[in-house]
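To start, the structure itself, in structure tokens.
Chains here go by letter, A, B, C, D, E, F and G, matching the order in which they are written, and residues are numbered from 1 within each.
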Amino acid sequence: MIRGIGDRTMAYDTSTVIFSPQGDIIQLEYARKAVEKGATALGIRAETFIVLAGIRKESKLIEAPKKIHKIDSHIAATAAGLQADTSALVKRARIFAQIHRLTYDEPIPTATLTNQLGEFLTNYTLVGGLRPFGTSILLGGMSSAPADLFMVDPGGAIFKCKAVAIGQNAEAANNILKQLPKATFSKDDAIKTAKEALQQSIVDPEQETINIAIIDATGIVHIA
Amino acid sequence: MIRGIGDRTMAYDTSTVIFSPQGDIIQLEYARKAVEKGATALGIRAETFIVLAGIRKESKLIEAPKKIHKIDSHIAATAAGLQADTSALVKRARIFAQIHRLTYDEPIPTATLTNQLGEFLTNYTLVGGLRPFGTSILLGGMSSAPADLFMVDPGGAIFKCKAVAIGQNAEAANNILKQLPKATFSKDDAIKTAKEALQQSIVDPEQETINIAIIDATGIVHIA
Amino acid sequence: MIRGIGDRTMAYDTSTVIFSPQGDIIQLEYARKAVEKGATALGIRAETFIVLAGIRKESKLIEAPKKIHKIDSHIAATAAGLQADTSALVKRARIFAQIHRLTYDEPIPTATLTNQLGEFLTNYTLVGGLRPFGTSILLGGMSSAPADLFMVDPGGAIFKCKAVAIGQNAEAANNILKQLPKATFSKDDAIKTAKEALQQSIVDPEQETINIAIIDATGIVHIA
Amino acid sequence: MIRGIGDRTMAYDTSTVIFSPQGDIIQLEYARKAVEKGATALGIRAETFIVLAGIRKESKLIEAPKKIHKIDSHIAATAAGLQADTSALVKRARIFAQIHRLTYDEPIPTATLTNQLGEFLTNYTLVGGLRPFGTSILLGGMSSAPADLFMVDPGGAIFKCKAVAIGQNAEAANNILKQLPKATFSKDDAIKTAKEALQQSIVDPEQETINIAIIDATGIVHIA
Amino acid sequence: MIRGIGDRTMAYDTSTVIFSPQGDIIQLEYARKAVEKGATALGIRAETFIVLAGIRKESKLIEAPKKIHKIDSHIAATAAGLQADTSALVKRARIFAQIHRLTYDEPIPTATLTNQLGEFLTNYTLVGGLRPFGTSILLGGMSSAPADLFMVDPGGAIFKCKAVAIGQNAEAANNILKQLPKATFSKDDAIKTAKEALQQSIVDPEQETINIAIIDATGIVHIA
Amino acid sequence: MIRGIGDRTMAYDTSTVIFSPQGDIIQLEYARKAVEKGATALGIRAETFIVLAGIRKESKLIEAPKKIHKIDSHIAATAAGLQADTSALVKRARIFAQIHRLTYDEPIPTATLTNQLGEFLTNYTLVGGLRPFGTSILLGGMSSAPADLFMVDPGGAIFKCKAVAIGQNAEAANNILKQLPKATFSKDDAIKTAKEALQQSIVDPEQETINIAIIDATGIVHIA
Amino acid sequence: MIRGIGDRTMAYDTSTVIFSPQGDIIQLEYARKAVEKGATALGIRAETFIVLAGIRKESKLIEAPKKIHKIDSHIAATAAGLQADTSALVKRARIFAQIHRLTYDEPIPTATLTNQLGEFLTNYTLVGGLRPFGTSILLGGMSSAPADLFMVDPGGAIFKCKAVAIGQNAEAANNILKQLPKATFSKDDAIKTAKEALQQSIVDPEQETINIAIIDATGIVHIA
């Protein structure tokens, strides 16, 4: 084969079960590109609550799917990436949560659910004939104080976050999130920051609205 | 390999389990091309009813398959794309609906059925050795007020729609659908708009007729 | 790879589980070529009877396989395409018919059998490592009035037909079939038209004869 | 890939599950080449008997395998093609015959056995990862009057024959077989014609002998 | 692909499930090359005994594996080809022999064992993802008079032999074997001829010795 | 194919089930590259304790995952490489430890756990369609005196270590570890050396901190 | 594909299930290269004892794995090649030995164990999707007099040895082993010869030591 220039040639980027000479799984990086093209989503964690927010794209004819997904009475999720993959992953999360309830008769800890989803996603990168999911998911949960916020990437890597934005313009949104005070802040502050961080990614205000939800000890409340 | 110019070369477009460097699953886009070549179909949702309509191509010798498919007593579907794939998907939808009736002794909610079909279709894009379905389906259901209208694309992505057209000339048809009043409108208005939206895609009126059905609280009525 | 000119290059035509950039499954089109090379077959539907007919090629030494296949006491089939594939499909149709009889204790409706065969054929185009059947089948049945005539293509697409010819010179034969009166016509008229439509495809009358069967409420009668 | 000239290039001829643009399964044609290189075999059918004959190649050190194989007390077979494939197919035929005897307590009709072998061979052309058998088989049976003679090709296609020769020089042998009278003929006539048809394919009479068997109502008799 | 000259190019020789345009399974021919590189082995059959003989290569440090393998009390084998494949095949033969004894309570006929091994080897050429065995085996058995000598090649083809040599210089050895009298001969004559046929293939008499065994009604006797 | 210069061309480096002509499994070397890019981790073994340490990368928004993982009450692990792979491997180690406890009612010996992990990893290099894990793991355990320190590489090779660093700048860190006295040393000495060895790999002290744990007869103590 | 010069081109060397035109399984030869790069190991057999010896590479930080592995109380092994593969093979040998003890209540004969390992390794070369083991193993056992010494290569071929060295500089070591007296020799002589044969392969005496074990009727004794 004659290929283009550069060291990321075709040989190494058409399967998740092939490492490149640099030790990368390039298909995974391409899956992350699908995430970067998804509508922006973010999460903010405080001691006693989590704010999840994301941009919902609507048209005159098509109601956008909700950007924030309830997983269980105490855990919600938002995601950036391929819509169908997100749906499949959210469904999987709900099943994991229900299995836990049925087995242990108590709500699943957010960290446990995150680990299960991470392992589920990693398997799609270890075995041939599958593709990684083209979505990153943020899980906000209030299983016990303090509140938990996790991000799981397409390869199943898990990150415990104070605040994080994913999807289009994630970097700019993250820069705004960094301005949150280290000390405690109110729900209103968090919501205001979330809106600000997402606002700049909105191109067509008529078709793009912001969805916001708060998860605290009383459950999940959809603000917008 | 020496390939043509452009960044969508063969390496990335021959399998659903390969992401392109841009984060796209190109085989899925090709499957959508099969949809765009299918005879136009559309749906219009009101509070208390759904109108499904589509172009049925007939010849002197061959009766076209019906363009609107009954899924259950309260849900109908129309689709654009490969005929055989549509048949297989419609059959699958009927099975999902019957399983729900047998399990819960009540009609399947339209959203539930849509989620099941979406997940079914997504699996065909996650696992190697399969191809995505070359069809998009519109599901109109009256499980409880208000009426539901969903579109599921070949990758299993789900869209909740107010009104939407798919297939040949979908864009032109959608432009007409956008002119529907935001407020309530009568069944006659909806039918008239549906006809108008489809009329422009008809090239040979002798061989192409319009099929229309209304789903409301009383069931499914085939108008034409 | 360096390939010939034209946009249907090898990348997309060696598997049924790959869409071309135009949204086509090219292997399916090649399978249809196998049909077009098969000896001509046709069907004509009236209210109360079906005529199936086809050209049977014989040589001095080899008796041609019969061109019309009994599926059940009320359904017959004729086909164009690869002989071995036709045999396998006919056998499958007989099994479907018997399963129905054993399960429901009544003859299988022609439409039901057609749907089962269509789904069977579609599966060969959805899963990797298989090839589509290189045959199209015409099913004529008298399960209840009116009589049914269906055509199933290699991809499993189903067409309800008034009259249709498949195989070599199908277009010319179809032009003759179109001259059948829209109103009712007698069995003799149908047989005469069938013979006329096939006659023109006969090159060597010594080795090619016409097989004809009529399916009506009394069963299947082989005319020739 | 850069290939030779001509439209049967490598892309389409390395798998039985790929159709060429002309609608052919080229691997099957190559398997038929293996048949054409096999030692000549033939069969002749009369009302009350079948003659099977074939050329057996021997050397001073190696006894050739018998050219005519007993399948059951009333059915024999001869074949042209790869020796190992013939053995496997003959063994399979014997198993089918025994299963029939055990299940129905009567000898298997020749046509039934032929259909089973045809379906068995067709499956090797429908599923990936297998190759077609490189052998054609002639089955002569006396299950009930009249006698049956069938030929099954590597793809599983079945031909009911009056007389037929396969393998090396099959065309020349067939020309002699065509001179058999249409009306009845004696066993001696059939044997004489069989010898004549094979004689011309014998290059080295010391190493090539003719095997002949007659199947009639009394069973199988090996003449030579 | 650009390839070397000649009609046996790469496309057809990398799998046993691909026929070349000439109807050959080229991987099988390559497997036979492995046989031709193996140390010479031969067998001679008389009415009442079989002589098996072969060249055993030894070095000062490594004892060669025995060249003649006992399969059962009345059957022995010798082989040419890959040592590990021969071991696996011999083990398989012993298992077949034991299964027969356990099932029927009598020694396995040599022809039965040969057929089972042939079928076992043929399967490795019919199914993808396997390779043919790189060994040919000679089976000499005294199940009942007269004695049997069979050769099975890597593709599973079976040859009933009077006398045959395989492996290095097989042709020269076979020329000597042809000089055996057609009429009866003594064990001593057979042994002498076997030694003579192998002697010419011995290059280094210090490292290559001849193994000989006689199988007759009394069992297997290792002469050397 | 035309390839770059050098003897590690594409043919041999895209699968773990292919050896290069030099006898290397090149995909395994690429997986080791993923290890070399991971944040540095190290272990130091004394008679009565193990020190594990590693660099934890944090950002203002994302809490890094802990660098030292508890496997059981007497065994801890640290690793360098892909985060998701490390998580999956750590989870597997915990399962192995629990299975041992449940089966034998005693803590798993560190060497036993290491062997099980090594075998688990080796299987991912022996079978096609999988990729090796992109992580190396250090296991420190106090099952019985003396303490154990093992390193397992991506191919499952096991090394019993006195002290070892893996990941970024491993070589420089190892040079510092070599300066540890051969004779006994105190926990404080070990911790000081560990810090010193890691310190030089820290580029951004604000985002990179050092995690340290001591495993001794009393259990696992996280120092930092 | 355009390839380098020489007849061992890529087509034939990327799978164990492909023979080259010369009848070789080239992947197996590459696996043997992995053996040739492994640290030298050797075995010497006398009537009443076996000496196994090998070079163990150590560094200041990493204790080398032991070079001689106990399989059962009467069998030990040493190997050259990939460490992880050796571990897996040694584990397998221990399992075979234990199964034999449990089944027959007696120690496994060395030849039996060797045959089982050979067959195990051969299977990895017969089936696609696996790679051969990159290790050769020497098995020394004292199941009954005389003592046994076997070598099994990556393809599963078995060699009964008087004395043999494998791995780096095997040829030079073998030349020294050849100087052992043909008649009996003492354990001390064998140990001295083993040391001498290995000594020349030692480059860095600080990091490379010699391991020696004697297996005799009393069991396994590690000398060094």
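Criterion: a contact is a pair of C-beta atoms (placed from the backbone, for glycine too) under 8 Å apart; a residue touches a chain by one contact, two chains touch by 3 or more.
If you're wondering where the values come from, they're calculated on a predicted model, not measured in any experiment.
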Number of hops, chain D to chain F, where each hop joins two touching chains:
3
Quick one: compare the interface residues of chain B with those of chain C and tell me same or different, with half as the dividing line.
different
Chain D and chain E, separation of their C-alpha mean positions in angstrom:
29
Express in whole angstrom the distance between the two chain centres, defined as the mean CA positions of chain A and chain D.
65
Averaging C-alpha coordinates per chain, one finds the centres of chain B and chain F separated by a number of Å equal to 52
Hey, what residues on chain D touch two or more of the other chains?
1-2, 15, 128-129
Edges wherever two chains touch, nodes for the chains themselves; is that graph a line, a ring, a star, complete, or other here?
ring
Round the ring, from chain D on through chain E, what is the full list of chains in order?
D, E, G, F, A, B, C
Which chain F residues qualify as touching chain G in the complex?
1-2, 11-12, 16-25, 115, 118-119, 121-122, 125-129, 151, 153, 155-164, 174, 177-178
Which residues, counting only chain D, touch chain E once they are in their complex?
1-3, 10, 13-15, 27, 30-37, 60-65, 82-85, 87-88, 91, 124, 128-134
